[in-house]
Each structure stands twice: as C-alpha cells, then as structure tokens.
C-alpha cells in the first residue's frame, strides 16, 4: 500500500493553483471559510439527526418522521428556527464574555477539523505535529465552556462550567497518554504518516495488546473530554438543568449544540485515524483477491464508514449508561485510567524497542 | 519542625476562603418531579443543607372536601397521587364503608385488589424509568413507559380512564370488569416477566448505576420511623411495615406474598425493594386472576348521597408510595364535616433533609428519585 | 438575528419583488418554527404524566413531530406546556418562566385545570382558574388529563396556527387562541364568555 | 393491645385522659397542660412504644369555639394505633410542639399552623408551609372567607 496514493493535500493543491494576487488570495480564504462552515453545519445537522434516529430506535420509537421522508429535514427546521430565535443576554451577565463564549467552543472544533486526514487528498493542513495540534486545540474548547458558565451569572451554569473544567483538564492527560502509544509505534506525529504506517495492519491490533488498551482508554477519555454520557456532567440535565449553557438561547445555544456534535465526530475521526487505519481499506495480508475487492471502496468512504462506526458506538454508550458522579469521575481518571495508561505506555515503548509487532493478517 | 514550615492547607487557608452559597432547585427543575422547590446550601458540589419549600401545587383539596359528598370526593383523591389513583380511591371508599357500615362482597374486594396491584406495578414502572433518567440514562424511561402502557390499556378497558381513575367508590366499583380483563392480564404477566429481567440487565446490573446507588443516602430504621416514612422508603430501611400484611384489607389476607425488606436503607435498597415489589405484585395478581368470584360489582346506587353517622374514622391503604390515610370527621350529614388526607409523600419527602447533607448535588438527585415523590400528593 | 427579523421587512418591502421575498421567507421561517417546537420540561401535576411523559414515550412518540427535545432551561424552549393545576403560589413563577423564554414562544394549556381551574373551581382558596389568567395561551387541550393523542392534536393545531398566522411584517401578532378538539362552530371566546357568566353572579373574581 | 386495654394504659399514665367516643379505633382526649409529658410517655413506655406519628391535624368545631388537635399514633413494634386529641380555644390556639418527640411533627405542625393558625410553643421554625408567607387568614377554618373563593352550586 501507500505508493499508489497521491500524497498531495488539498491545501497544497490550492496553493499551487492560487495565483499570487491578493484579491485571489482573499477570495480563496472566503471560499474556504464558507465551505468549511457549510461542511460543519451539514455534518452537525446530520449527526444530530442520526443521534435522534439512533436514540429512537434504541428506545422502540421512530424518532422524527414528519419533516421530509423519515424526518430527514428535522434538523434543518431546528437550525432555521434557532437562527431566528431571540438571543437573550441576561441583564446581570458579563455581556462581552457571554456573547463570545460560544465562538470559542465552535472555533476549537473547527480548528481540530483542519488537521484530519479524511482521505489521501482531503486534508486541509497536514502538519508534522498533527497529533499535538489536535490535542492542543480540542483542549481549547473548555475555555468556551468556562467562559459561558462564568459569564452567565447563574449558579447552575457555574457549577456546570467548573465540572467541565475539572473534567476536561483531567482526562486530557489520559487521552494524550494513549495517543503517544500510536506515536511511538508509527514513529511520527504527522497524521498522514500515521495513517500510512497502518497499511500493513491497524494499530489497534498491530500493536500487541497495548493497542487495544490504548484505544479503550482513548475512547473513554475522549468521551469525557467532549462531555458525552456517561460523562455528561457539565450539562447533566437532571442535575444542573442545562449546565453551562442554561442561559443561552437561539443561535448561541445552537453553536454549543453543534460544537458538541462535531466534537463527537472529531473524536471518532481521531480514533479512526490513529487506531483504525484512517482511510486505509481493510486488507488481509496475502489474500490479494479480497484486498482487491476492498480497494473498490474509495479511501474517503472507508474513513467515513469507520468514523460512523465509532460515532454509533458513542451514541450506543449514551443511550445505555447512566451518568457518573463528579468524584467517581475523578477517581476513574486519576486512580484507574492514568496508571493503566502509564503502564501501557511503557509496555508500548518496550514493544517498539524490541520490535514486537503483530502481523495477524 | 520549625515554625517557618507550613502545610499547603495552611497556605491556602490564609490566602483564600471558601464560600457557601444557596441555590434554588425548582419549582421548575427536571428532577424535582413536578413543582417541588428545594433550597440548597452548597459548598462547591457538596450539599450542606436542604430546605424544601412546598405549596406550589397546593390545591386546597381538604377544604373542597367539606363541600362535596363522599362519592364526589373520590375523584379528588385521583389527583393527589395520580400514580396510585386506585389505592387512593380505595382509602376513601374504605373509610366511608367503615363509617357508614356498607357491606361489600368478595367480587368487589377481588376487583379492587387486582386493579390496585396492577396500578402499583404501573407506578413502579414509571418510577423505574424516571429513576434511570435522573441517573442520566434516558432509555429506562422509555422502557418503563412501554410496559406501563400495557397496564394502562388493561385498566382503560375496564375503567375508561388512563390516569385519573375515579373507579373504586363506597359500596363497590364503578364498572364491572371488561370480559377481556382476565385474558389480557394473563398475557401481560407472561409478557412482563422477561421484561423485568431486561430492567435488571439495563440498570440494576450496570456498574455505574450501582456505584451511584450503593451506600448513598442511608436512612436509618429509627430515623425513618421517627420521620413517619412509609412504604418502600421505610421497608428499605429494614422495617417490615406493610399494611397489606399487618392489617390486611381487600383480599390480601388470602393471597401469599412476601414483604421485601432492605438491609441498609440506602438508595440501592430502595431501588431493590421496589423492583422486588413488582415481582410480589405479579404474584398476587397471578393468584387472584384465575378465580374472580361472581357477584355484583356495585351494591350502592350510584346516585345515593351516602349519609355517614357522627364520628371520626381513620382508614389507611398501602399505595405504591406508602400509607395513604383518610381521616374522616362526620357530623351525620352527607358531606364530611372535615376530611383530612394523610399522604405518604409528605412524610417521605422530609427524609431528604436528613440524608442529603454531606453528599453531592448528583446524589441529591438520586435520593429524591429514590424517595419516589409525587408533588401534588405532598401539597394536596 | 434580531436585526434581520426587525429591520428586514421595512427595508425589503418597498423594493419591487420584495414582498414576494418576504412572504417566502415567512413561509420558510414558519415551516421551521412549526416543525421544531421544543417544549420546556415543566409539569405541575397529573397532566404532566400524560402530556409530557406518556406522550414522549415509546407508544405515542412525540419525536415524530420533532418535539421530543425537551429543554430543561426556559431560554432554549419554544413551547411552554402548562400541564396541570396552577395555584396562586405558583402563578408568579409561571409568569417568570414565560418571561424567561425567548421569542417566539408558544403556550399550550393542557387539561381542565390549566384551561379553567377544572375540578378545583369551587370552594377553593388556592387554585388559579386557568393559565390564561397569567400568561397568554395559544392552544387549549381539554381533558382531565388529556390523552397523549389529544395533546398531539393540540400540537398540530399550534403548528397550523404558526404556519398561517405569523409574519415578519407584523411581529408579535398571533392568531386567536384555539381549543383543540373543539366542537364545530364554537370558539374559545364563547366558552370563556359562558364561564364568565357562570361565575359572575356569585361575585366571583375571574 | 385491644382498644380498651390501650385506653386504660393511657389512663394509667394520665388520669385526666378520657376516652373519645365515636372513633373507629382507640382514642383518648387528653388535657393540654400535661400533653407533652403524656406523649413522651406514650412514645417511650415499653408496652406502648408509639414510635410513629402517623398524622397530625386539626378539626375546627366552630360551634363550640374550639379546635380539636388530633394526633394519630402508631407503633411499629406492637402494631397498634392510638388517636390522641386535645382541644384548644379557637381564638388563642396554643399547643406544645411535639417536634422533640417525632421530628416529622415539625412539618405537620407547620401545616396545621398554616391552615388552622395553631401556634406551637417550642417549635424551632414555625412559618407557613403550603401557602405564601404573606397569606392572610387560615383557610381550613370554617369561617375563612376570601374574595377569591367561589361558592359552589347547590
């Protein structure tokens, strides 16, 4: 694998095509921004629709049915409604921060999307510190949550924001620890390289045992980072009314909502890229006919399918598990996940040094 | 050790202060089950004190009762604890029958027992679903309601209402059983037993749910008795007080069932007691459903305004939430001179002030839910 | 977005074809609003079980109409379902809740208590005789409590009201409230008038 | 214990207690003066052990200008009931609080205060519980009038 694929990214292509003039540059930037916003909006809406349908079918219901066939335009209606809804800023709130907070959350999500290799050609920025970059910008999202909670001047919001702060910062450690395992094995932080290094087998099983452990830790820690059940404490509906976004309405609430769902996609995409081979098709070494069939599906579709599978898994969690308590959450991180993560990292380092790789297929 | 060395705590203690603050939980809050308001004194996430504020749905039922005939008052009890409307009806019927010396027959008592037990199951199903939701798992709510709808269907066929039944009246029951009743109840039991196992798999055996429940909100037996708590809340604390067993009414004296009793009185015990009660109710129904005695279903003409001789009557029944009592004071007319309802939730709720301090906000939600309160029943 | 909804009609209307644009925009917005009624998690008594819970549960499934996203915060909700009795102690809080909601906001009064006080009208010192004493109501759903199906009918009526009755040109102007499951030919005004006549001879204050 | 046994047991504790007629279970009327002592004995006496205060309410006998305060006691140990009542004048309704004996009395007494206007001495937190703090009058009294209230059709 590998040699057949063109490794030029979208950004490089655009840079080649872009003439030196300032006007064209500005046009390109505008186009990119509009395109990205549209992409995020459509992605978010699709994910929200999917969540509602998945939830419904877990719960012996139908879910949205009335707006379009099987309700596929339901989230479109929701979005338009939220766009034209009154935007309330509470009188006692910190106005500037209150207005700005959703943008921080949204920005973090958008920035993370930039570095994801969705196929050999669709990757906006392929930086050599991709893993580090994504870890950094996703951590940035907590700022929006903290600001939202603080500026709302609502005690429930504040409680939610503080929970979010503690939770996200704690779980960042474990998430990074499990990412390092893959970095060790693939020997690179560049996301496209990491994907290419999985041509012979995905890290989840190619790294002996540690891959699975790292994947599980990453999934748990990322769920906590994006505040999904069972770690949805910052907005725990039954406890804190609506948590940090209690005082938000209309468009700004929609942005938090959207960021939450796109974050879910980012996590799934990261899990796919690092552990599940990214856009690499599923190959079994030596069985050429099987591999040829697998190659029929384009890499972009492989990426989408794998991400969708992880997204589904995350939704499955949400509609099955109750929520943890705040001290149990901390206990899980500092007393369970982190020690296991450390041991796992050392095991991974040992495996890399001695060259213990699995080639099961 | 020299005086220069200080601990970190001392350092923080000099620089920063922690502050307690008050938070309003309710009247509109997703997990206060209606319009209950709790004023919480918090220190960070830890609950220091809980002050319940009641009356947001106080409807003056007792005052209205002084102007309504006994038969008319029955429908108001539906609207107190609407999840065990039939048991509430029964309490009034029992009081009036006792005071006015109205006889009932075997068929009436069997029907009453059957429908009351069916509704007890329905009530516990709803509680189970809402409890799951309060723990943060949404799906139990849907599963609980899915099975509850089956009971609602059965009851609706006979009674004609889904929630506020107004069915059991002094001297009988309003309508005779629907011809399909027996068949449908049997079908329901066959359907529901496996589903109950599903409940256990989804929530009871879930490690997170167990962690959230075990050891949380321990209500000691002595405390529970002193607070006048009844029903599953009291039984979970280890006091086997069940009116169905201790002073049987209806046909409870003729059926076999156990009274599940908890060991520690924590949220888990309250949870387990209710799940077990569902099983016992199924047992009771199974024993009764085969042979429902023949007879008339109503021995008093519906239009009669029953006159009750002078005196005080206190009658109680065991609802899904505890002891529902009716204190009936008559001066010999066809309307009560004073009617007082002793509702289980009023007493049960106060347990929260004893068990919540020291726990977190999330535990408070679990505890409220494990007490299974219905706010109109508290406020009356 | 308030800017668009407030300023746009005055700007666009005079332009040729502007009113067509405005009407199309109206249609789109009303379509979106009517199909995305997120209720507030709020219920005072019995009706809450039927209208908020059973209606949202598996058998009836409020989600089909896109209205299952119950928001615990009034800021994010579109629909206030007054499910149950409102008493005098609760009345100021209900008003507060309504005021905390963001425009456009809709109110459905379900059950006899929220329509008129229901069984709690007479000899009662505490119960408010209808939610419309406190907040404007768009749709009344009768029943004690109404079945979930009745509530759906109410939701559909509200959707119809929104689609037909709202325009950017006249912000805040609504259609007259309707009673869902109304016998043909009777309006809510007539019923209210009748109720007023019933109550007034006894010196009651409505 | 049987009804008459219970009544004689109470009378042994408090000679001034008289049986209350026309009640469907054991019932006594006790004097207000030594009420608290009697209740404490009822709770602690090993043969009686009334450890649960089932309910507490009042009856407004307006014709006799008195409020009858009813306490319904239950023993989870012996499983017997006792209704104890005491009368206080309507206009100066004062009663010792049972809060020290049964904690639940704190709230039950608040309710009776709220709806009947009985003042409990020794109550730690006597304020309205169901109605608003600024409510005028005590609605469950028979002579309560309110221009909000409507009289029903006859």
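Order as written gives the chain letters A, B, C and D; numbering starts at 1 within each chain.
Quick note on the criterion: contacts are C-beta pairs under 8 Å (C-beta built on N, C-alpha and C of every residue); 3 or more make two chains touch, one makes a residue touch a chain.
Quick caveat, the model's predicted, so the values are computed rather than measured.
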> Does C-D or B-C have the larger number of C-beta pairs in contact?
Replying inline: B-C
> Just by CA atoms, which chain is the most central one?
Replying inline: B
>> Please tell me the distance, in whole Å, between the geometric centres of subunit A and subunit B computed from their C-alpha atoms.
In response: 44
>> Can you compute the centre-to-centre distance for subunit B and subunit C, using the mean CA position of each chain? Integer Å is fine.
In response: 31
>> Using mean CA coordinates as chain centres, what's the gap between subunit A and subunit D in Å?
In response: 63
>> Give me the residue numbers in subunit B that touch at least two other chains, ranges are fine.
In response: 29-30, 55, 58, 60, 63, 67, 142-143, 146
> Which subunit D residues reach two or more other chains?
Replying inline: 130-132, 139, 144, 152
>> If I count partner chains per residue in subunit C, which residues reach a count of at least 2?
In response: 57-58, 72, 89, 122-126
> Which two-chain combinations touch?
Replying inline: A-B, A-C, B-C, B-D, C-D
> So in the complex, which bits of subunit C are touching subunit A?
Replying inline: 1-2, 4-5, 28-29, 31-33, 35-36, 38, 57-58, 61, 63-66, 68-69, 71-73, 75-76, 78, 102-104
> In the complex of these two chains, what residues of subunit B are touching subunit A?
Replying inline: 21, 23, 29-31, 45, 132-139, 142-143, 146, 202-203, 206, 208-209, 211-212, 360-363, 365
> Along subunit C, where are the residues that touch subunit B in the complex?
Replying inline: 40-46, 48-50, 53-54, 57-59, 72, 74, 84-85, 87, 89-90, 93, 97, 119-120, 122-127, 144-145, 147
>> Under the definition above, what is the set of subunit D residues touching subunit B in their complex?
In response: 20-25, 27, 51-55, 57, 59-60, 70, 72, 76, 79, 81, 83, 102-104, 107-108, 111, 115, 128-132, 139-140, 144, 152
> Which residues, counting only subunit A, touch subunit C once they are in their complex?
Replying inline: 52, 56, 59-67, 71, 74, 76-88, 237, 241-242, 245-251, 253
